[in-house]
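Note that chain A is present in both complexes that follow, paired respectively with chain B and with chain C.
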Partner chain A sequence: MKSRFFNEMYDGDTVRPAYANLTQWIDGHPPEHFELKRKEAETIFRRIGITFAVYGSEETSERLIPFDMMPRVFTETEWRKLERGVKQRARALNAFLWDIYHRREIVRAGRIPGDLIWRNEAFEPAVVGTSPARGVYSHVVGVDLVRTGLDEFFVLEDNCRTPSGVSYMLENREIMMRLFPDLFRSSRILPVDDYPQALRRTFASVAPEKCAGEPTIAVLTPGSFNSAYYEHSFLADQMGVELVEGPDLFVDGDFVYMRTTRGPQRVDVIYRRIDDPFIDPLCFRPDSLLGVPGLMNVYRSGGVQICSAPGAGVADDKAIYTYVPEMIRFYLGEEPILNNVPTWRCSEPDELKYVLEHLGELVVKEVHGSGGYGMLVGPASTKEEIDAYAARIRHDPGDFIAQPTLALSTSPTFVDQGLAPRHVDLRPYCLVGETVHLTPGGLTRVAMREGSLVVNSSQGGGVKDTWVLAE
Partner chain B sequence: MRLIVEHSTSYSFEAPRKRVVQSHRLTPSDSAAQTIRAWSVAADGASFGAAFVDGAGNRVSTMTVPGPVDGVAVLVRGEVETADTAGVLRGHRETVAPPVYLRETWATAAGIGLHELGAQVSAPLGTLDAAHEMCALVADTIAYTPGVTEADMTAADVVELGQGVCQDQTQVLIAIARIRGTPARYVTGYLLAGDETVGDEASHAWAELYLPDLGWVGFDPANRCCPDARYIRVSSGLDALDAAPIRGISLGAGEESMDIQVSVAAQQ
Partner chain C sequence: MLSRTAENLYWTARYVERADCTARLLEMGYRMQLIPTADGGFASEWESVLTAAGARGDFAERYGDAVERNVVSFLVFDAANPSSIKCCLASARNNARAVRTALTTEVWEALNRAYLEFQELERTPRSELSLPQICDWTKRHAAEVRGAHENTQLENEGYRFFNMGHAVERGDNTARLLDVKYYVLLPTSDMVGGGIDNYQWTTLLRALSAHRAYHWAYGGDYAPSRIAHFLILNRACPRSLVHCVNAAEDHLTELSRVTGQRTEANDAAAALLAELADAEIGDIVHDGLHEFLGRFVARNADLGQKIADSYLFGKV
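Right after this comes the complex of A and B.
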């Protein structure tokens, strides 16, 4: 059957090269083998302190994300192109951030409307003129990609603040290697396990000038009640650096210090997993108890590097997103390697008109929303839902953008009946410091329900290990 | 005119605090209207650091006092040579794009009352006349009345109340200017008191509006005038909180009390 969706495993009846070895291996084992492995995986997850569950498990709660044992596979050739595109984007986004907090060339040149930036909530007037180390604002850029054809990828959105999910990339791989060691002997899969050290090197490379010697890095978490706390502690542990909360840090003179059993220790680089408004009550929200009083003054006077740099969020705003191809041309003088999804801005009267007339076939998103909440998937909605949503758009058009429903590719996924195609997306994690680095892999999210195009974990999506085959 | 400023902010804590941290914007910058001859900020037992000039040209520094601390007094002393530029800010180094000051903040968020007030402006928007009109409108609508408003009242609340102090009048002026598309910001500083001036109960506050032909121009609704040689401009921000001379936090339990003394004198 010919589907309108690109099947990553099959080209008609032929297995694509990326999956050839894997298919052969699967065919060599009886179905019971995988049922056994599924049970084994559940046991392992329980033992390591469950952060996500094998689907089908009865203990699933909303924080447990289903794990699919079938990997999603890219050939190295496919990957190298993606890699160039993601790196290009990460460079352009950082160039944009430097520009808008300094000379504002892109606005002066009329390539992006200033209003979109200056009145954006994520733009921080407090850091105008502040120069982060190496000019980098977003040190971990998570680029959400979907595939629609053999050679066709689109960028859904950029995540320039503190994209989460990389712990899944690492743990999915680890669990796969424990479950199927023989598979990793027969396939040459590019490793992802150097990510924590690459992350550490990235942070070390952006230590402030005032730091002499080996920089001290810390991961700043809002605390154990945060839904991503596990990832914060996992990454701190894997990098071999301290995990701290606001009260563990204090400002004195020109620097910020960490309380340790051996006395105060100066901290040079902070990987913060706390949003801008909460990191310093003396600069942003005065009622925040999560942050470090005075931290922003230390940062702005060059005593510490905060990663991502405060104010970086304006680059991943959905209204700014539509201008990223323009940024690539403006700052890099290159054509975008990866395409944006065509996007209608409801703030423009003509585009608003089109959107309202075609709601049944579009996906509409709130400009400032995330996590798949508050969006309208036209083809999957009733007339009542569409009418109600249309009223919301008319009330505040500037808050909405619309995109065509994309034909997300499918990847084979274990379901009750065996392997079946399910829709997937991809978030690779690009590190930006002294160098721009992309780990060959990422987080593949899969919509577990048949036909569903929503891969968000909050909407029942699962995760897969992502392989790049060495050539 | 040469102005001498003495400004003390004294905190006392019912029970000793573990630590005090403050971000200060207590030091003015040079401009055509003011030349800083001498300026100092001091506090016993405190250490100062993390100082810089922000994008708006504010001099910011950080003060920490290790505990146990049962009180701290921040003393500001300075001498400034001032000139009258009719409120026009010139020679002030800053890099923030003026349209940034169209942003709404919690304290200056538009409400119906503010919209109605803004709608009364008849002069062409962006002109000096329109700015003067807005300033007069606020002075007429918000009667200068100490003691009726709280520090955390919003401009929308103040319009409803119809009374307030310089902070309230300034935030209302900023809010209506932004509604009418004129970038506006909050300014803190000092004012040499005379027989008729108001707003010298602590440090003073007024607004700056951005006019395409003139740049930033100060407007003091409390005194229905533009700042002149009696004024020293210290800090600016999107609203009172953002521009505050001192933002601080003291770690520990118990009540805290604060006393502010300001004196501004002209040296003959």
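Right after this comes the complex of A and C.
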């Protein structure tokens, strides 16, 4: 029987080219071999796991994300298309951000309703007219993708602020290379370990004009009790830059400095892993202890570059998302390479009518929500739940969008009974600076439970290494 | 190097050293209470142990009687006492965690292990746990951290700050330990020369693991002035005041060479070192050992403050 889900490994009974070498290699080893490797992986992870866990919010309670040894594979041809699509999107999103904080052409042209932008919580009036270096607002764009067919990819959402998870991309590859060196010798897999250097080059290329010579870069973290602290320290370490907290920085005159044992040292580029409202208590939330008083003034006068730029979040809003294809046409004069998931905006009366009539088959999301909270998954809900949700939509239609339930592709995954197909998604990380760069790989998340379409780690999702084969 | 990183390294070392010294202090109290006194009872040294730990008032308020069980609860297991071994180990680990990338895996793991194993120790019924066991356990883990640091850490700025933390803390602690028994070292004491104060000196030396070293350095008999000399003015003794100040001064000099600037911490360390170098043990004892030690503790604390001002909080 043919499944309605795209199987990335098998086309009927035939193994697809991407998985050919991998399958041959697996067939050449007895099942005990993989059992042994699984144990070895566990041992390695327990060791690294200690590292993950101690950075957790509560002493030892942080959970490990399950790691699946079976890689997810793309051919270079498949990847090149994805790459063009992701880069196109990253360029359009940055052009959009520049535009809405300057001449607002896209609104004047009537392509996007202005209210959607001005009344958006992530829109930042404090940076209207401010011009970040090279016009870049979002320097790391994480694009969440799902596959539904041989040549069909859909963008689920964009992440323009500070997408996390890239440390898994790098760590998963490390583990795989340690476990299966012979596989890497025979498979010609494009490397991902240049990511930290590319990240560093991206930041260096957006140093403010006032910076003469080699720019000083720092990663700004909320501190060791943040759940992503491991990633912050990992990236700082890999880039060879300082990992700073708010109190390590201070503003003096036109510049921002870090306190060092040799006195103040000027900082030119800050990769901040804290949210907009916490950046500067003088400009945003006055009770923020994580930020640096006066930082926004330095930023606006061109004394420091903040990455991503304050206000960048408005581009990854769910209501704005539906207009990204429009942006690509408007700013780049190109047709979108990657599809948006068809989306009904409940703010439009006709679309609202359709949504209310088809709630049983749709996924409905709150426009400003994230992380899967406040969602209605039609096919998995009871009549009561649907009715209650319908009432919420009628109360404030503008707060909701609806999408069809997608048939996520499956990738073979090690489970108790051996290899079995499980649903996956993908987040590649696109770097935007002087150039636009995409490392060939990303974070593949996998729903470990049979039939489940939810890949979130909070719902038992795991991670895989993502391979792009050189041709 | 970030000032906060330097500060965290410095305090990691201080807390480890403080846990070690608290263990030694307890060991001394434990041994001394085994000595019979002239009036038929046993000497209770727990009061003076608490005095040396600078925690007598706190203790009296919360526990009342200075008996062994209470003192051990307070100095080892009490989460509300910032100088307890429990708190020192937790503070050391917290400081290290904030600068995880500035420490080698071995140092981190030694700190983490001490912290985790202490939780096991806490779960052990107290009846199955003797005080000497706790003291040995603490000293062993402190040595492990220090050893891992010495064996694996790059000798850069961070190395200096870490070791400076050890030196400053240890000087303070030796002075406090000495102060507990300062009167047995005074020639005017009635008990001098008796079997009991001999035993007390040995105990002091044992607590500092310097009992054999004393014999190597001075030969046979215990003499008050020799012990005082050993623990204050002998550079070869790794716990003596002059040794600790000397170490701090070395690290500061090395730092100023790297950073190209001399600070007031350099001057403070050099002045204190010069004073100790010129001191005669006879004069110290004559002028009052207790007063001398009090002055040293204050000067040492001042040195710590100047280090903080010069490096740790970053000059603006």
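One rule holds for everything that comes next: the second predicted complex is superposed on the first by the 456 of 471 C-alpha atoms of A that agree within 3 Å, B and C clash if a C-alpha of one lies under 4 Å from a C-alpha of the other, contacts with A are read in each partner's own complex, and residues count from 1 in each chain.
Here is the rule we use: a contact is a pair of C-beta atoms (placed from the backbone, for glycine too) under 8 Å apart; a residue touches a chain by one contact, two chains touch by 3 or more.
These numbers were taken from a predicted model, which means no experiment stands behind them.
J.: Taking chain A as the common reference for superposition, should the pair chain B and chain C be classed as clashing or as fitting?
T.: On the shared chain A, the partners fit.
J.: Have a look at where A:P293 lands relative to chain B and chain C in the superposition and call it first, second, both or neither.
T.: In the superposed model, A:P293 contacts chain B only, not chain C.
J.: Once chain A of both complexes is superposed, is A:L282 in touch with chain B (first), chain C (second), both, or neither?
T.: In the superposition, A:L282 contacts chain B only.
J.: Regarding the shared-chain residue A:S301, is it in contact with chain B (first), chain C (second), both, or neither?
T.: In the superposed model, A:S301 contacts chain B only, not chain C.
J.: Vertex at chain A, arms to chain B and chain C: angle between C-alpha centres to the nearest 10°?
T.: Between the chain B and chain C centres, as viewed from chain A, the angle is 80 degrees.
J.: Give one of first, second, both or neither to describe whether A:E348 is in contact with chain B, with chain C, with both, or with none.
T.: After superposition on chain A, A:E348 lies in contact with neither partner.
J.: Between chain B (first) and chain C (second), which, if any, makes contact with A:G253: first, second, both or neither?
T.: In the superposition, A:G253 touches chain B alone.
J.: Pick one for A:W118: touches chain B only (first), chain C only (second), both, or neither.
T.: The first partner, chain B, only.
J.: Please indicate which partner A:S224 is in contact with in the superposed arrangement: first for chain B, second for chain C, both, or neither.
T.: Touch partner of A:S224: chain C, not chain B.
J.: Count the residues of chain A touched by chain B and by chain C, then name the partner with the higher count.
T.: On the superposition, B touches more of the residues of chain A.
J.: Regarding the shared-chain residue A:D387, is it in contact with chain B (first), chain C (second), both, or neither?
T.: In the superposition, A:D387 touches no partner, neither chain B nor chain C.
J.: Between chain B and chain C, whom does A:E242 touch in the aligned arrangement: first, second, both, or neither?
T.: second
J.: Quick one: minimum Cα-Cα distance, chain B versus chain C, in the superposed arrangement, integer Å.
T.: 7
J.: Mind sorting out which residues of chain A both chain B and chain C touch, each in its own complex?
T.: 250, 252
J.: Please give the residue numbers of chain A that touch chain C in the complex, ascending.
T.: Listed in rising order, the residues are 50, 54-55, 223-224, 233, 236-237, 242-245, 247-248, 250, 252, 258-264.
J.: Taking the complex as given, what residues does chain B use to touch chain A?
T.: So the residues of chain B touching chain A come out as 19, 21-23, 47-52, 54-56, 60-62, 64, 66, 95-97, 99-100, 102-103, 238, 241, 247-249.
J.: Please give the residue numbers of chain A that touch chain B in the complex, ascending.
T.: Its residues touching chain B are 101-102, 104, 107, 114-115, 118-119, 123, 125-130, 250-255, 281-283, 286, 293-294, 296-298, 300-303.
J.: Considering only the defined contacts, which chain C positions touch chain A in the complex?
T.: Within the complex, chain C contacts chain A at residues 1-4, 6, 97-98, 100-101, 112, 157, 161, 255, 259, 261, 311-316.
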